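We just call them A, B, C and D in the order they show up, numbering each chain from 1.
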């Protein structure tokens, strides 16, 4: 069993993450990558986070996923700091012997990160406007679908 | 909208596939990679296919996914010929503005490929045994979950 | 008379020992199941490969169809086991 | 008296103008909501950032908790808007 989670300012290489998961021998690797969309003259997206809590949260999320699905590996990367349209923000990858487990746990982890990991996004536009992104009710709803039976 | 589908004997680069999807600007990219598992002294896995039908099937699958989810791109790679444990067999990647659409369509496409694309696997073992892999009832069941409303 | 191309895949091809053949166009209302039965009646590899139709699947002009489908004007019939791709 | 470390994130920090502070440990049975109210009563940026508790979320010793949670022996309280990661 292999879990890695990193929070970093620099870009990551999705191929490296995927290769590490493929090498676990499970046969099924699922991934999700989130990229900054360049809508409405977005200049930069700044990600704030709560470092001490992030690590704990990610470990709990990963342990929760391990308890629900027969996984061989989980890799989570979340970037913080200042990003631009087209930049990767987040990667979640899972490896399992079962494709259903890989796919479902990947969806679970990204839903969870969106709704429960302590990150906040601030958008800066070409005209100088800045605003913190509002949480979507949709994200809370998605996370509730996975409502945890674990304590 | 960008759909690519290839059936090939040589390996593929998942990073290239992912990059192409990331470049579509949707913000959400999901992928599934299938790898040959090395169980029970498996020496090689041979994939037979029905070339004329494969192309038609993959185009129909992709069109079906496009009709169900708001997708910006689909990339499907399926290898044929002789593979070894650890080799990639199949890649499905999807891009969307919505992570739910990317994740669900990716799961749909791999389930569909498993159950409806004209590929057959033959296993060859170290002791000389060879056998065609039997279809799993599970795969038929998975595909039925997505039962198509399209004609 | 264009004839009907039959293609065999996986263990169906292994059993029959060839990857396909052209036969005279059967009567329009012949079902795939009936054609399979007549092919199996040839004995040998045909009987071995086609003797248990419940283990077979078919595609007519490159579309999956049930075995009770009539061949009609189709030009290409493929016979194979359930697929195991991905 | 260890005190209670309070951390502010996102627009809560922008409004208050600092990323955190240490306050004297409140009474054990003080709820987070009550503490928010007393901080908002300072006025200025505090009133602006903390005046609408329904827009706030909290973590106590790095765990998300409802605002009616009592602070008890906690050493670190974080106040922030709903998260928007991923």
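To be clear about the criterion, a residue touches a chain if its C-beta (ideal position, glycine included) is under 8 Å from a C-beta of that chain, and two chains touch if they have at least 3 such contacts.
Keep in mind that what you see is a predicted model, and the values were worked out from it rather than measured.
Q: With subunit A gone and nothing shifted, sort the other chains into their touching clusters.
A: Drop subunit A and the rest splits as B, C | D.
Q: Could you find the chain whose CA centre sits the greatest distance from that of subunit C?
A: Max centre-to-centre separation from subunit C belongs to D.
Q: Please tell me the distance, in whole Å, between the geometric centres of subunit B and subunit C computed from their C-alpha atoms.
A: Between these chains, centre-to-centre, one finds 26 Å.
Q: How many angstrom between the C-alpha centroids of subunit D and subunit B?
A: 49
Q: Please report how many Å separate the Cα centroid of subunit C from that of subunit D, as a whole number.
A: About 72 Å, centre to centre.
Q: What are the residues of subunit A that contact at least two other chains?
A: 34, 110, 114
Q: Which subunit C residues sit where two or more other chains touch them?
A: Not one residue in subunit C touches at least two other chains.
Q: What's the complete list of touching chain pairs for this entry?
A: Applying the touch criterion to every chain pair yields A-B, A-D, B-C.
Q: Per the contact definition, I'd like the list of subunit A residues that touch subunit D in the complex.
A: 34, 47-50, 52-53, 56, 78, 89-90, 110, 113-122, 132-135, 139-140
Q: Provide the residue numbers of subunit D that touch subunit A in the complex, in ascending order.
A: 7, 9-11, 13-14, 59, 62-64, 76, 78, 80-86
Q: Under the stated contact criterion, what part of subunit A meets subunit B in this complex?
A: Interface residues on subunit A, with respect to subunit B: 13-15, 18, 22-23, 25-38, 85-86, 88, 97, 99-100, 102-103, 106-107, 110, 114, 142.
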